[in-house]
Every structure is written in structure tokens, then in C-alpha cells.
Amino acid sequence: MSQAATVPTHNSPYADLPGISSKLFEAKAQKGLTFAQIAEAIGKDEVWLAAAFYGQAKFTEEELKKVSEVLGIPALESLSQLGDHWWPNRGLGPMPPTDPVIYRLYESVLVYGHAIKAIIHEKFGDGIMSMIDCKVNIEKKPDPKGDRVVLTFDGKFLPYAKW
Amino acid sequence: MSQAATVPTHNSPYADLPGISSKLFEAKAQKGLTFAQIAEAIGKDEVWLAAAFYGQAKFTEEELKKVSEVLGIPALESLSQLGDHWWPNRGLGPMPPTDPVIYRLYESVLVYGHAIKAIIHEKFGDGIMSMIDCKVNIEKKPDPKGDRVVLTFDGKFLPYAKW
Amino acid sequence: MSQAATVPTHNSPYADLPGISSKLFEAKAQKGLTFAQIAEAIGKDEVWLAAAFYGQAKFTEEELKKVSEVLGIPALESLSQLGDHWWPNRGLGPMPPTDPVIYRLYESVLVYGHAIKAIIHEKFGDGIMSMIDCKVNIEKKPDPKGDRVVLTFDGKFLPYAKW
Amino acid sequence: MSQAATVPTHNSPYADLPGISSKLFEAKAQKGLTFAQIAEAIGKDEVWLAAAFYGQAKFTEEELKKVSEVLGIPALESLSQLGDHWWPNRGLGPMPPTDPVIYRLYESVLVYGHAIKAIIHEKFGDGIMSMIDCKVNIEKKPDPKGDRVVLTFDGKFLPYAKW
Amino acid sequence: MSQAATVPTHNSPYADLPGISSKLFEAKAQKGLTFAQIAEAIGKDEVWLAAAFYGQAKFTEEELKKVSEVLGIPALESLSQLGDHWWPNRGLGPMPPTDPVIYRLYESVLVYGHAIKAIIHEKFGDGIMSMIDCKVNIEKKPDPKGDRVVLTFDGKFLPYAKW
Amino acid sequence: MSQAATVPTHNSPYADLPGISSKLFEAKAQKGLTFAQIAEAIGKDEVWLAAAFYGQAKFTEEELKKVSEVLGIPALESLSQLGDHWWPNRGLGPMPPTDPVIYRLYESVLVYGHAIKAIIHEKFGDGIMSMIDCKVNIEKKPDPKGDRVVLTFDGKFLPYAKW
Amino acid sequence: MSQAATVPTHNSPYADLPGISSKLFEAKAQKGLTFAQIAEAIGKDEVWLAAAFYGQAKFTEEELKKVSEVLGIPALESLSQLGDHWWPNRGLGPMPPTDPVIYRLYESVLVYGHAIKAIIHEKFGDGIMSMIDCKVNIEKKPDPKGDRVVLTFDGKFLPYAKW
Amino acid sequence: MSQAATVPTHNSPYADLPGISSKLFEAKAQKGLTFAQIAEAIGKDEVWLAAAFYGQAKFTEEELKKVSEVLGIPALESLSQLGDHWWPNRGLGPMPPTDPVIYRLYESVLVYGHAIKAIIHEKFGDGIMSMIDCKVNIEKKPDPKGDRVVLTFDGKFLPYAKW
Amino acid sequence: MSQAATVPTHNSPYADLPGISSKLFEAKAQKGLTFAQIAEAIGKDEVWLAAAFYGQAKFTEEELKKVSEVLGIPALESLSQLGDHWWPNRGLGPMPPTDPVIYRLYESVLVYGHAIKAIIHEKFGDGIMSMIDCKVNIEKKPDPKGDRVVLTFDGKFLPYAKW
Amino acid sequence: MSQAATVPTHNSPYADLPGISSKLFEAKAQKGLTFAQIAEAIGKDEVWLAAAFYGQAKFTEEELKKVSEVLGIPALESLSQLGDHWWPNRGLGPMPPTDPVIYRLYESVLVYGHAIKAIIHEKFGDGIMSMIDCKVNIEKKPDPKGDRVVLTFDGKFLPYAKW
């Protein structure tokens, strides 16, 4: 088993990530920066940036350089591991997810999946909401009865081909 | 195997639904109404209404009466099957889902689950976005490059108890 | 698929129950009785009674007669199906459970299972909390911030045999 | 395979825990302290503390300092691993669980899950017992026929949103 | 869902049994006979007989005739369904089993499987205990602290072929 | 992959065992002792002892000292790893088991599980054979047609609580 | 179990299809038409048509009318079951597939999946081949050593959104 | 977890590959060569070459020498690991695949598997498209609405033996 | 649950077979014929014939006529169900198989799969033994120590394509 | 991940094998010997020998010495790892198998399992073909249309005990 470390890469879902991922998380913790702060530095959204940290999105070389600068990591190293020749192998962690935060997302599919499908078909026809051409956003909505998380998926509708 | 029917209740995920569900879908098809139209009649959102049709939410007796009226189903019958004594047994269909529309939602958990969790923790602390006190909404966003589906979850943040 | 029915026996987890179970649920719905009211009539707890309705516990013939009387079901029929020769085939519904109420119980095992095991060992030694000699109770605890469910398992500690 | 060690972290469910977890367990064993004793020192319940040891709950920095003091572990090290930037990735061990202590909890879901759901609905309406705003307690109840484990979940009732 | 019936064939694991199995169970219940009593009539052990009732063993035509007589079932019918041309399709019910009685047997494999294997090898060499040439027996051993179940497997040791 | 070793701990089911388990197996192999011989030295049965070697049972400190002496392992080391603070995390190896010896035990549940359950209920009523208060024994029964393995489970009958 | 029928709808993967699917297959068999012949009549490819027969694609009302004419099925009936209000619930049959024809497709993913991904990335960048905007074609390529199946997927490349 | 590396071998599906695979990927990245370029040097298709890099195809010693030359890896080393005595253990990564590129291929089986099977049978009779005697090709088809991936499987038809 | 029947089609693996399969088994039982006898009548091997009865192979119309004659089933009926338009959907029953006869075949893959693969590669090179162009044979080999089953697979070797 | 090695032990199914297995494979590769050649040296069949290399069969000490001599491995080392105290933990690799060679064997169970069972019962009665007292053989049968693999299982028939 691994020795002491300061980032969540000890947990198994992270075991498949490139080694540089650990360094990104470590540097972020040491700098005390949020994803929002780092994201701003490279002109991206915080959710996209977090996904990239988890190896679920691909930095351009330029973005990688900027992130390396912000975090104080030698660009060379990150480029050699996450550079042009590297492609994300997406999909992270066991399913069904066991962590309650992630499980609640999974539960939304179980409980509302068919309803969402029905409404998409009624509004758009036979097709899907793309999860490739899709932007994910999280906002904090203050509420006196308890703040609310507003999670938005903005994905292109793709009609089925017929041939 | 079953005889001819006019609603999707032939498909297996629907096999667990109360018998009245078939009738709701059938009547909706015959009346040519959308979920939005029926939802408006009872003052609810179309996604919530579709969920209720799929047995994933609970009508009050009053809502059930209104839906019965709109669809021309005898209230007595629907009340006897979906009334006060009936409680949804939520969770519909196999996982991972095979239908591409629903799979894309599942894929959002696979690809963005950890990123969403990370941002929720950074913005709210140790807790979850409730899927019980949560509203789901779907909007059509016109776009010259292809219309977009905007799917929103608005759920209460619940901090972990410590004791 | 099945025709209209007034009880949750349409849902698949219930498909394995004896036919008489449907009648018990139906009669209960028609009489408008709660589990607590029926349980009182036979001197049992409401949770135990509900378990017996779901085929997860065994009535004595006498209890079955009383329940039949309270619900207005011919004793003969229930006795012939749930009588002395009948033994529960326990375990109901798919795992992991998809309904959020039941999933939260499952999640308690995922999140607190190891902690509970550790405390049981520290307090009792090497052994288990019996789920056979165990009583389950549910109380409603009023709370201004929202009522609370107090769920209690009172099970005998069984030390491991050594031989 | 790993070399000799003095804590249960060799077992696979623990393989996903942060490295500091091993040190907490080791120090606890060397000091000969119970969870109850350590919990008292930081004003928390023993079950919650055990959960935190297993990486299933989050210490505040202050709690972590106190625990470090009680166990004689350098605060710096634990803070760097379980500090503010660290978030639990909850859910520990395989399901169905194989250890009999934990399996019996799982069995309670299999056997009593539907009964518990039915009683919660009858007493509270359509909603769930939160496992996030939930306190778990274990008491030893002496009994001449064999001591009993009293395990209590005290969770907030959350009604389903309708929109 | 099925109509009322007086035997456990409603439960899903039994759904795969030949139709005559239901009749055997029904007749046994109506006659009020135990497996031991029926077994004696055909000169077999009660465990073997119960296995045959569950479609897990094969009656000879003669045994089937005797069983039919004891239970008052027309021999012709049982012969046509369980006769010479019929072969058991062994293996009954889901795994892991959910019923606590059967799960405890499964748990014996989980907990003691490797120990049993080790002792068999030490006492017999490289080979197995046959489950085909194996007799299963259950005795009740009275004990003031609670009666005990003595379950015995008496199986032929089969050494591995080497060639 | 691991380097040369003299015990079966290379195989994956053993990967979860405490490091000291390897040493126990190694020392046993070097001393050329059987489980029966070691068991006798501490006044226990060979099956229980083998289970303890596999981390499925808990030695008292005294037993551990004796075993350490018999095997020539420093008591200090074994005590520090399997001592008072250590609790077995029971359940070893994948299911269904792939090794034929262990699979045959699993097959006994598949083929005879329902028959065993039926006979236990007929002889004892509604309850289970405990696998916690249970002793497991293996005898070699000479037979001219091939020696037989006699495997016995002697477990306390536990009736279901009713409340 | 079902009575005699002339189409493959007896097999379980087809059990989820709308009842009209059976009629389409039956009529096709009775008319002795190939998918190619029917497809030509409505100006579609044979693979797409076969998919529609299996409930994996959606006919327009006009296409449905033409198919009904070609097959001699009353349009009314098919329209009422597969008409505008009906949406395919895609995904058919168990995975991994057991039929060797379909398994070989599955095997192509197992063996060549990573290679295909690598080449797509090298030729197109970070994105996917759409299975929604995708046309599937099958040609017979005569070959003296044995005819060859040429199976082609022509799918739009979709680059990942970045935001 | 592993140290920094420049190739995707950190990801778990690659964990089963021979060590030399990492070196092939690394050398390819450092040389900045595409699969197409390397493939050309040994007279093979790029898809086949990529498969061989992933350990899913077998180089001849001659091919391995050429690849070693192109990549500047000592032939000796690659020969000793992927030479004549080495046979691919095909099948890479978890199923269902989580990466969207590979999942879309899997989805093609789910959605079009039965249709493809039906057309193959109609065109060729009872048999399969071989995935052993099969060539896989990927072409980029420019399209003003977005370039298209044309993926072709050219496999021998194998009729079922009858005997 | 189904009514009385005289063939093994009650068991679930057979539930997916065409309705005519039941009739074939029934007629075979009533005529008291073995597979060998029926196979001889149509000039096929008994194993192939049994596979065809189980819907795992395809009769020609001529073979079907002969089988119908031998069994006294109207040819028309069997032709309409298993005729030219019908294609086997191969793969029967759950995996791992629970019946000991079939499980032993499965176990041969578990225990000897890698050894068989290694020898095939050494003797034939990189390729497979076809299960499509493969004949299966069973012979009874008398042996004083107990008769032996000789099961032979005679399959064409298929070398991997390289391109 | 592991460093360079010359044997297939890098692949995961082999990860559970004793360390000496790697050395056996390595030495075999370096000596350039086939299984047939080594097998001949110890008077065993090549399939059995390959199984023993994969840890699926048990060498006697004498066989191990001979193998060590043939391969030039110090006998001491192999004896200490695979000697008298070592017992195979049989069952290797994931199921369903992903490698096409091994999958085809698995497919034979899926497609012909029930037919083989039926013929065994018709020829031998109620019992099984032993996979313990079973010899496995592979022959190369030259054929102008392509050489054939003849794979034979010669296993003792074991009738079911009745008691």
C-alpha cells in the first residue's frame, strides 16, 4: 500500500490516472487554490478544469503550460505526460458509485431517466442530448431554507440518422 | 408474449409499473396530448408529470382526479390504483441503461461525476446535492448549429451530520 | 402485463410473494387501516407485521386468523396459503436497491458498515449482532427543523464459536 | 504483497484509504485506546470517529489536531493528508459484504427493507430517511440471555420535492 | 401475477420447476405429511426426498409410483412429467442466496472454504470431495443451551487424474 | 508481481490477509507440520486452526503465543499483527469459487440448499442454523470403493424473533 | 410459455418489443420477402429497416403505411402501436451476447476497441465517432476462398466540447 | 501508484500488457510518429499496428525488428518480450467500456446487433462473420457538415458445420 | 406458472426456445426414441440433433420434414416455426451454469483454458479452434473402474488475419 | 507496473500464480523447448504439463526435480515453492474469457452445453462426466481445407448418489 500522500489519489478510482494527476492535485492543495481560480487563469470553466485534473478532458499544450505556471509545476514534466500524444481514457470509478454525492447523480438516472427521455422526445423528436458536445455547470443558489446546487447540462440535440 | 398495445408498456422496464400506468399512456396517446399540456392542467412541471406517469412520483388524490379528467379516464379506477395507499417503488429499468438517451445521462456520471463532486465540495463543503428535494427541468435552446437541450437539476445542498 | 390492481404487487419485487399477499394488501387498502392498527389487533409491532405482509415473516395460525378477521378475508384461504406448511423465502427485491428509501439503508452499510463493525468488536468482542434474534423499530421524533426517523435494531450479540 | 503491519489496513477494503489512515489505526493500537476514549477527547461519538478513521467522514482541522495529540502523531502530517483540501470518497468494501458482522446489516435491508419503507411512508408520507443528516449510535444492552446490540439510526425525514 | 396457491411455488426460485412439483408440494401439505414420513415410505432419506421434490434429484419410475400413492396423486400424471425421459436441471435460486437459512450455508463457503480445502488436501492429497457421490444428512441434537442442527456431507474423495 | 515465496499467499484470495499470515504458512511448511499437529498443541480443532491461519478466526493472545512457539516465530511479531486490537475481516476469495474443492461446497448450496432449508424448518420451525455458533469438522472415512470425506457442520438453531 | 408462432419473437431478447413487431416478422415470413425487398419499397437501407423491425428505429407514419401495405398488415393497427407517440427504447438482448454472430461484433470491441480509439484520435483529435448520426451497411464480397462480409459504420466525428 | 510516465499505460486496461508495450508507446511519443507512419515502415495497416502495440496482435520477429529500428528500441529487448514464445492474451479493458469512443462501438452491438445478424443470415445463410479472419479499417471522409469516420470490418463468412 | 407438461421446457433456460421445441421434446418422449435413433433417421449425429432440438442449430426444410415424420408431428407446423425464415438465436441458459453436468464443462475452461490455448499456439501458431466449423462427439468408453465419457471437439484451426 | 519480463506472466490472469511459475515460463522460452518436449522428459502429456506450469496441477517432488533439470532451474527453489506443502488454487482468468481461443471453449458450453448434457444422460443415466478424473488431449489433424484441432476430454462417468 502506498505511503503518505496529500491528495485523493490514494483512493482507488484515481489509481488509473496518469502520475501527473497526483502532482496537479498536490500542487493545487499546496497553493491553496480553488478550481475556479485555476480555471480563470486559463479561461475555462471550473467543472471542465476539474474534469481535466481527473484525466477526463484533454488540455492543449498551451493550457497545460498555463496550468503548470499557475501551479508551479515544471511544464516539461506535465507536457511529457499529458501532452499531444496523450488521450483521455474516460470513465472514472466503480458503478454504481458508492460515494453519496456521485450516487445521487446516478439516482437521477434511475428515477428520472425515463421521464427525461420522454420529454426530450416530445420536444425534439427521435434523438439524444449529446454528452460530447455538452457543457456542465454548477451554481450556488442561496436559499434561506438551505442553499441549493444548480447543476446544468447544456448539450446539443442529435437526431438519429436514417439511411 | 403480449398482444397488441398502443403504449410503450410492452418494453420490459415498464413491466413493473402499476396497470393504470398503461392506461395513462394510452389515453395520452389517444388524446394526442403532450406532457406539457397535461402538466399545465394540474399546475405541475412536465418532467415531474412524466415521472409520475412512469410511477416515479406520487399524485395527490386531487392531482389524480384532474389528470383523470384531462385524459378521460374514470377517476375511480386511477384512484384505486394510484391513490393514497399507493407509494412509488422508484427506480426504473436496467443499469447501465441501454437506450442511448438514458445512457448519455449515465455517461455524465462516469465522465463528470468526480469533477462535479469536487466542485460541490469546494463551493458548499462536505455534503451532497439532494435528489429528493430536487427539481428537474428541460429547456429547448435554439441554436443555428443545432438546437440544444438544457437539462437542469436544482437540488438542496445537505451537509453531513456530525455527532 | 397484468390488469388493474389496487396494491403494489404489480412491482416486480413483489412478484415472488404468495398470492395471498396481494389480498392482504388489497384488503388493508380497502379497510383504510394502517399497519399499526392491524398490528395492535394481534399484539405485534407494526414493522414485524409489515414484514409478514411482504412474506418476510411467518404468522402462527392464530395470528393469521386474527389478521383475517380484522381485514375481512376468509381465514380458510389465508390459512391454506400462509399456514403451518408455508415457510418464508426471505429476501425481497433487487440489490443494490433502486428505491431511494431502501437505498439509504443500503448506503448506511456502505458508509458506516466498517465503523459499526469496529465498535461492536470493541464493545462486545469477536462476534456479530444477530439479524435473526433482532427486533426492528421505527419512531417519529418531532423536530422543529424537520421530523426525524428513529430506526432501531435491537439484536442479540452472538460470539463466534471456537472449537 | 505487503510486509508485516499492525493494523487491519492489509485487508483490501482498506486499500483505498489515505495512507494516514494506517497511521491512525497503528497509533490507536499502540496507545491501547478505544474509539470511545479518542472520541471523548474531541467531543464526538465513537461511531462517527470510527467512520472518520476509515475515511468515511471529514475531520475539521481542529479535530484533526486533537486526534493527532491524543495519538501522538505529528499534526503536520495528518493535516497534510486529511486537511481542508481532502474530501472523503465514501463507500468502503465489496457488496454484498462478506464479513458476517457487516453482512447482517445488509441482510436487514434484504429482509426488512420493504417493511421499513412501508412504515416510513405510513408515518411520514412520501419521502426518505436521510443518510446524510443521520446519526448512528451503538449501545450495549445487558441481558441475562445474552447481551444485545442496540443500533440506532436517527435521520431527518426528507419529503420529495414536487414542482 | 399468479392466483392463490397453497405451496411455495409462487416464489421465484421455484418458477423453473416442472409443473408436477407444485402438485407434490400441495399434496404433501394437504396430507399433512413430513418429508421424513414420505421418505420412509420409499426407503430414502428425507433430505434426498426433499431435493427430489425441488427437482434436484431423479426418481426412478418405481419411486415415483410409491410417492404418488402416498400422496394420492395419479401416478400417470407424475410419470409423464418426471419419468424416465426427464432429467433434473440442477441448481435452484439466485446466488448469493437471500434467504438467511440458505445464506448461512453460502457463508460457510466464504468463511471456511479455504480451511476446508486445506484440511482435505492434508488428509487426502490433491483431489476433491465429490458432490455427486455425496450423501447429505440433517440431525437434531438436543442441547440445553438451544438445540443444534448437525448437517453432514459424506462425499467420496476423488483424486485428480494425471496423464 | 511478487518474488519467490514458499506459501500459497501468492494467490489472490490470500492477498487480503495480514502479512503475518504468510509467515505462519511459511513456518508451517518449513517445520513440516500439519494443521492437526499445530492444532493439538493449542487444544483446538484442525479446521478452526486452518481458518485462523487464513485470517478467518481470532486467536487469543495466549493461543497466538503457543502457535508462535510451535512454529518458531517471534511471539512479538505475531502479537503485534494478530493481537487484541486485530479483528478478522471474514470472507475469502471470489464467488462463485473457481477452485473445484471449494466449488463443490458452493454447488451443495445450489443443489441442496432448498432441501436443507425445508428439512430444517420441518425439524426445528422458523429459524436458521447459526454459522457463528457453529463447529466444522472433517473426518476421513475409509471405504474400499474409495475413501470418503465426512464434513460436518454442528450449528445452533436460532429461532426468528417476533415482536 | 408461449404457443406456436412463426417468428423469432419467442426468444427472450425479443420479449421487450411492441406486440406489432411479432406481426411484422410473421407477415414478412409469410410473404417470403427479404429485408432488402421491403427496404426498397420504402426507400431505406435493409440494415436500417431490420433495426426498425426490432424496435431499434422509428418509422415515420408514412414509412409505416408503406411497410403495412407491402406486408399486407392493416395500417391502422401498426400506426396505433408504432406511430407518432411511440419512441424506441433502444438496446436489445443480453450482454455479453451469447449468439456467435453478435458475439463476434462484441469481440471486435474487446480486441480492437483500443486500437480503433487510438487511430480515431490520431486522425481526428479528441472526440468520438457518433453512433447516432451513423449509417450501417453490409455488403457481400465474393471471394474464392470464401465470401466475405463487409460491415461498414459511417459515423460523424464529434469533437469534445470545451468550455 | 506508479511514477511519472509518458504513455497511457498508467490507465488500468493497459496494466495487463507486457512491459515492452510501455516502451513502444513511449518511443512512439518521443519520435512523434503516428501509427500510420510506423505501419508503413513494416508494410501493415495502422489499425493492425495499433492493435499490436496494445498486445492484441502478434508481430513476427522480422516485424518486431523493423518496428524496433523505426522507434530506436534495442531489438533484443523487444524480441525477448514479444518474440516467438509470446502469444497475445487478447481482450483489453472493462466491459461495458467506459470511454465514450469505445462505448459507441459497444452501443452499435446493443442497438444494431440483431439487425446485423438478420441481414448476414439473409445474405449468407446460417453462419457468422469471422472476427479472426477479419480486417479492420478506418478512413476519414471529409464532409462539410463535419468529417465522418468510416470504420470497416471485412471478415470471412463462416458457415456452421453440420455433422 | 405453467400447467403440467411432459418436457423439460418448464425450466427457465428453455423458456426462450420456439414453441415447437416443446413439441419436439414431447413427441420424442412419447415415442420413446433416443436422439441417436432420430439422428440416424436424418443422417446426422446425435449431438448435432440434440442441439437442433434445443434451438441451437438450424434444420433444412428436408431435415425438418424427416424429423416430423419420425416423431409424428405435422410437418406444416414445424416448418412454419423452424423453417427457412427462422434462424437460431444461439446461447442457452445462465452462466456460470448451475447444473453439475454443464458446470463441469465450464470448469474445464477455468482449469484447462490457458493450457489448451498454450498447446494450440505451440502446435498451430497464432489462431483459434473454430467453434463454428466444429463437430462435437460423445462416446461411451467402457472401463472396469467405471465407464468413461469421451467428448471430442473437432474444429478447424483459423489463423489470425494480418493486414 | 512491472518491468520487462520475457513471459506472459505480465498478463493479469497470471498474476495469481506462484512466483516460480514465471521462472518456469522464462526458462522454457530461453531453452526454446515446447511443452511436448518437456512433457516427454517427465513422462506426462503436454496439456497436463502446461496446466502444471499455469499452477493448475500439482507436480510430485520427483516430477518437479526432472522439470527443474530439463529447464536448468535450481531444484531447491522450485521445490520450496511448488513442493509437497503447496496445493493448486485452481481456476485462472476472468469469465467470460476475453481471449478468442479460450472464449470459443466457453462458447461450446453456451451453444452445446444442453445438447451434451442430454446425450450424456441418454447414454449413461443421471450423472456427470468428471472433470477431476479427466484427461485432456489435443491433436493436430491435417486437412487440405485447413488443419483441424481435435480436443478430447476423457472423463469418468459419475452417477449421482441416492440415499
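The letters A, B, C, D, E, F, G, H, I and J name the chains in turn, as written, and every chain counts its residues from 1.
Convention: a contact is a pair of C-beta atoms (placed from the backbone, for glycine too) under 8 Å apart; a residue touches a chain by one contact, two chains touch by 3 or more.
Keep in mind the model is a prediction, meaning the values are calculated, not measured.
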Legend entry - Contact-graph separation of chain G and chain J, given in steps at minimum: 1
Inset, instruction - Could you pull out the chain whose C-alpha mean position is farthest off from that of chain F? - result: G
Inset, instruction - Could you check which of B-G, E-J or G-J has the same interface as H-I, with more than half of the contact pairs identical by residue number? - result: E-J
Inset, instruction - Could you please state the distance in Å, as a whole number, between where the Cα atoms of chain D are centred and where those of chain G are centred? - result: 50
Legend entry - Centroid spacing, where centroids are CA-atom means, of chain E and chain I in whole angstrom: 28
Legend entry - Computed distance of Cα centres, chain E from chain A, in Å: 53
Legend entry - Interchain centroid distance [CA atoms averaged], chain B/chain E, Å: 45
Inset, instruction - Find every residue in chain C that makes contact with two or more other chains and list them. - result: 2, 10, 13, 48, 87-88, 90-92, 96-100, 107, 110-111, 117-118, 121, 127-128, 130-132, 134, 136, 158
Legend entry - Which pairs of chains touch, using the document's own definition: A-B, A-C, A-D, A-G, A-H, B-C, B-D, B-G, B-H, C-D, C-E, C-F, D-E, D-F, E-F, E-I, E-J, F-I, F-J, G-H, G-I, G-J, H-I, H-J, I-J
Inset, instruction - Mind listing the chain A positions that touch chain D in their complex? - result: 1-8, 10-13, 28-29, 32, 97-100
Legend entry - Complex interface listing, chain I residues touching chain G: 2, 9-10, 15-20, 22-23, 77, 80-81, 83, 85-92, 131-132
Legend entry - chain E contact footprint on chain J (complex, rising order): 44-45, 48, 57-58, 87-88, 117-118, 121, 126-128, 130, 132-137, 158-163
Legend entry - Residues of chain D touching chain C in the complex: 13, 34-36, 46-48, 50-51, 53-54, 56, 90-93, 95-97, 99-102, 104-124, 127-131, 134, 136, 138, 140-141, 143, 145-158
Inset, instruction - Under the touch definition given earlier, write down the residues of chain A that touch chain C in their complex. - result: 96, 98, 100, 103, 107, 110-111
